[in-house]
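Common to both upcoming complexes is chain A, partnered first by chain B, then by chain C.
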Partner chain A sequence: MSDAALPPGRMRQSIFTPRRKRFITSIVLAVMCVIWIYPLIWMIAASFKPNSELFTNPGMIPNRPTFENYGRAWTEANMQRYFFNTLFVTVGSVLITTIAAALGGYVLGRREFPGKWPLMGLMVFTLFIPQGYTIIPVFQLLTTLGLGQSLWGLMLATCGHSIVIFILLFAGYFTQMPRELEEASRMDGVGPVKTFWYVMLPLAKPIVVTVVVMQSLQAWNDFLLPLVITLANPAMRTLSVGIYSFKGEHFVDWGGMMAASTIAIGPIVLLFLFLQRYFIDGLAGAVKG
Partner chain B sequence: MSGVKLTNVKKSYGAVEVIRGVDIVIEEGEFCVFVGPSGCGKSTLLRMIAGLEEISAGTIAIGDRRVNDLDPSQRGTAMVFQTYALYPHMTVERNMGFGLLMNGVAKSEVKAKVDKAAKILQIETLLNRKPRQLSGGQRQRVAIGRAIVRDPDVFLFDEPLSNLDAELRVATRLEIAKLHGQLQGATMVYVTHDQVEAMTLADKIVVLRDGRVEQIGAPMELYEDPDNIFVAGFIGSPKMNFVEVKGDKLPDGRPLRLSGSQSNAVATLGVRADALERAGPGAGTIAGEVSVVERLGDAEFVHFRTPWGQELVARFPPGAAVRVRDSLQFALTGKVHFFDAEGRVLRDVAMAGNPVAAEA
Partner chain C sequence: MAAISHILERGAEGATLGQRIWKSRIDYLFLIPGMLVFGAFIFWPMIASFYYSTLDWTGFGAHSEFIGLANYAELLNDEFFYSAFKRSFLFMLATVPFQMIVGLMLAIVLNNKFLKLATVFRAMIFLPVVSPVAVIAIVMVLMLSPFNGPINGFLIETHLVSRAVDLLGSPQMVLWTLAGIFVWKWTGITLVYWLAALQTVPDELYEAAKLDGVKTWQVIMHIVLPIVAPFAVVIGLISAISALNVFPLIQATTQGGPFFSSEVMEVYIFRTAFAPSSGQFPRLGYASAAGVIFGLSIMALTILQVIAVRRVRRKEAENV
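What follows is the complex of A and B.
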């Protein structure tokens, strides 16, 4: 307390040295992180506890750790099947969405054609329609096309969620690319399709990664749409719908549900770990653009 | 190899006409420079030859083919862009060979062509690098290399040096001049706003203004015998001095004795800095007070202010004892150009005897 003699103003300054400021910030952030991640940790911990212990043991470490929940979820509750359903829908919709959005964004970003701005306006307008209102028409459309009872239908419907945002993201990115690149390629005698594939698309890698990650998350975690589409056909359920079925009318298998949830988020966490650097680049680039 | 012929070429964007009927003949193997102030349409004209802009009217022929409706890649031209336009994600080698590879040329053949071009440009060691790992000058070479690989009849350069710093610009200018010598018979069309580039590189200069050709000719032809006041002022550094003439008199009332049938029509007198020489007191045609002296080492440019308030410039040999605020007299010793009120040159007008000699 040697600085007790100093005037109060100076003393207040000396308390918040840059180092202390950093320290305090770190503590605040750490607390927020813990709050943020607590449900996740609880879920993982609970997935290793038998149902009898779930609400009697408030601690994080299970008394009698068990894989029983996982076994039950994977085979009895059909998570195995739901997992591959989800994988199919996700991979398919990511492929279709990315290619379609890149092509659409390329045209909107780099070509002039009549009706371009009304079209853009219409697309932006659809962003304001809540998803709930479109589910029944989408389902009807799929039924008309004969895809109402197939995973292909679910996959196609899943593509539609954010494709407008992805197209605009690509369009914004392609707009700022120098015109000379395309002209150089035109002088080289390279056609528009090859120019897109070999010149423009590789340069849009940050956006491609962003779209892949966002669409994967969306398709993997989607609940409402697959719930409606798979109502009549439990074999087509995705993970999120499958997890919901652990909640029976009289009994909820919490342990199984937690195990299934852990299985469900695993791939997403892995994907993010691999792609996070590009993903952040892409978002930052899109904002800068 | 072949030349380029433009006949009454026009271009308009809606109601705005940017190229207003241009006729140019570029001979095979010639180095032709389009020069003019910004917005004069020189880049548009080049892009029309390349096929990147459509032609509103007229004919463009390369060799003896009319190319108006041909795709850029089929015109036998290759373009070097101001911004280089290298594909950022490809190596130098792939950048140079990309066009050929995409058009189904065998890999080994492409490699041979790329290697040959790289050797000409001395960029063999850079082939595996990406454009961002290259300096501006190196990128420029790669862009030129990409053009050479296509083995075009006509090279098109769109202000290729304007993104380089001053020193590199001079060096690359020399390289391009050498390249033209090396690529025997290659026709080159080069756009620039820098008249020094035009003077040093060209076999033939086309001076453009507002979408029209002002004059076409060899560099020294334009320098010594400009058709009009615009060309006279645009070509040559420092800019030609122009003095208004009214009824055989300079603005300060000094008489100007002219000969020639059109001497009555003279409205402007043009004289280059090196055609003004210091004269004894009271003996000169033009008087002035020195405002700035630029010492360049091999010469000194003396800027002076005339009694009627105009800034003119005279070239002095190095070491001239001239200081700011000196009052000097200048005699018109070199070639003097005369222009009418419309700015057209009056070739048969000349100074009638040397006024300095007459008064001495």
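What follows is the complex of A and C.
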């Protein structure tokens, strides 16, 4: 866009050629972005410093790099257990949410049946209700079902966070597909379940990936729900809650805390870096809709 | 009701409602998993919260008693509730404009298709968005610590302050510090929204402006901004709602302290329901009533904004 600035006549006289301008913009942006993620860089650097050095060496490079912090965080602070708890909740909720949302979105996007529009209206109506409003009944329901203290309960309730958005995403995508798809498979004598599984779902791959990625982010980083469910049961903690309690339980161990944080942030950042496009398209889709 | 009678009438044209439902049985079967999740964790809690808010209920598994609207009456005289409610909306007003302006400025710069590293910069700005809030909180507590924290170290070394500032420990500053952290964490998402909005500006407009020798800032002010302005309402709505749901950041950073000075609505609800101070019972009914008022306020805000979106769209349609 900086290119649009210069009228053709002035372009040769100006010392700021478009190329040079872009170069300067890039340098400024690069410096800004490094400052932007400085807290995360500092976190990783600190996780490799022994505790004694943390207070004395403000620089980035540790004088005596060590993995001890990771060892302490992984075993003594129970990050190992929390890691696998989080993994279980994330993978389970991603599987359930994706299948449930795809099935529901397919029906709502392509079929006519009694009650469809009231149902859509009801779902849109609940789109923005805050978690603080639903947490007490959710916990009460899980307790009634005998799941109030279990990872299964946590996993199921985690599915609820964005289910409406995901159903609407699928519905919007399926609506645009041509009618002939189902007609062709009906002529071939293929049943509705097989049509969905072998024809429609593969065509919706971009939405499937978006939902998988967004639900992973949601489940991995969730805080209020796992906090409430694990209040009486520390063994069920997820990484987020584990780090939160770490702060209260071992406050002097900064190095361990930073190692635990790096463990918690690592997988989700890697997922983001590999599937960037889907994270960004998925989120941007919310605005267009 | 209107919807139901509408369906009944339509049904009368051909098959009866019962026949039509039977014909669609496979559709309902497909809907079951999604509706189970939706019903159990969204719809039922929404209804149940109303009921719970009329109870005197001191803990899960404890006996509860119907007390009508007494919880609401008590809330109206509860200073903590008022302050938390006000603080939630203050927090929203303090963060949303910054987040939107910073996001828009970054989006305009990064939208330049000749900028080769744009995706790398976008990813870097987006990194805090994908980071767990609990991690952000703990890193910020350490970085801003008045005892050997690197930020204070830097400020003292450069003589910007004479002694360490406790940004998260001072009742006057804590909410603003948290607002700053919040804006930093979530600007990446606003940036992505704006970038999506900027895709609706046709390339030809830039080219035409370039040929006419129009300056960059004029292009932005007179061409780009008017085109993306309608998106501002939607982006503003999403940002406002997320600013009201700030529980994780605040609970993990300050737990509402010091002296309740950063206690927003959801922290208040959590404290009342799950983490009462020692010697007190959890008050689930009372917390539900607070939750209902908060939820209804957010819904009202949503409806207002949706009306605003409709208005803007209609105006656009008239102009075109």
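Everything that follows uses one rule, which is that the second predicted complex is superposed on the first by the 255 of 289 C-alpha atoms of A that agree within 3 Å, B and C clash if a C-alpha of one lies under 4 Å from a C-alpha of the other, contacts with A are read in each partner's own complex, and residues count from 1 in each chain.
Going forward, contacts are C-beta pairs under 8 Å (C-beta built on N, C-alpha and C of every residue); 3 or more make two chains touch, one makes a residue touch a chain.
Bear in mind that the values here come from a model prediction, so they are computed numbers and not experimental data.
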After the chain A overlay, clash or fit between chain B and chain C?
-> fit
Touched partner set for A:199, first chain B, second chain C, both or neither = first
Just chain B (first), just chain C (second), both, or neither: which does A:147 touch?
-> neither
Pick one for A:275: touches chain B only (first), chain C only (second), both, or neither.
-> neither
So, A:165: does it touch chain B (first), chain C (second), both, or neither?
-> neither
Using the touch definition from the top, say if A:178 reaches chain B (first), chain C (second), both or neither.
-> first
Using the touch criterion from the header, give the chain among chain B and chain C with more contacted residues in chain A.
-> C
Report, in whole Å, the shortest distance between any C-alpha atom of chain B and any C-alpha atom of chain C after the two complexes are superposed.
-> 7
Shared contact residues on chain A for chain B and chain C?
-> none
In the complex formed with chain A, which residues of chain B make contact?
-> 50, 52, 71-74, 77-79, 81-89, 98-100, 102-103, 146, 150
Can you name the residues of chain C that touch chain A in the complex?
-> 3-4, 7, 11, 17, 20-21, 24, 26-28, 30-31, 33-38, 40-46, 48-49, 52, 60-61, 108-112, 114-117, 119, 121-128, 130-143, 148, 150, 153-154, 184, 189, 192-193, 195-197, 206, 209-210, 213-216, 219-220, 231, 234-235, 238, 241, 244-245, 247-248, 251-252, 265-266, 269-270, 273-275, 284, 287-288, 291-292, 294-295, 298-299, 302
Per the touch rule, the chain A residues reaching chain C in their complex are 1-9, 18, 22, 25-26, 29-30, 33-34, 36-37, 39-40, 42-43, 46, 54-55, 58, 96-97, 99-101, 103-108, 111-115, 117-119, 121-123, 125-141, 143, 148, 156-157, 159-161, 163-164, 167, 192, 196, 217, 220-221, 223-224, 227-228, 231, 239-241, 243-244, 246-247, 254, 257-258, 261, 264-265, 268-269, 272-273, 276, 279-280, 283-288
Within their complex, state which residues of chain A touch chain B.
-> 178, 180-181, 183-190, 194, 198-199, 202-203
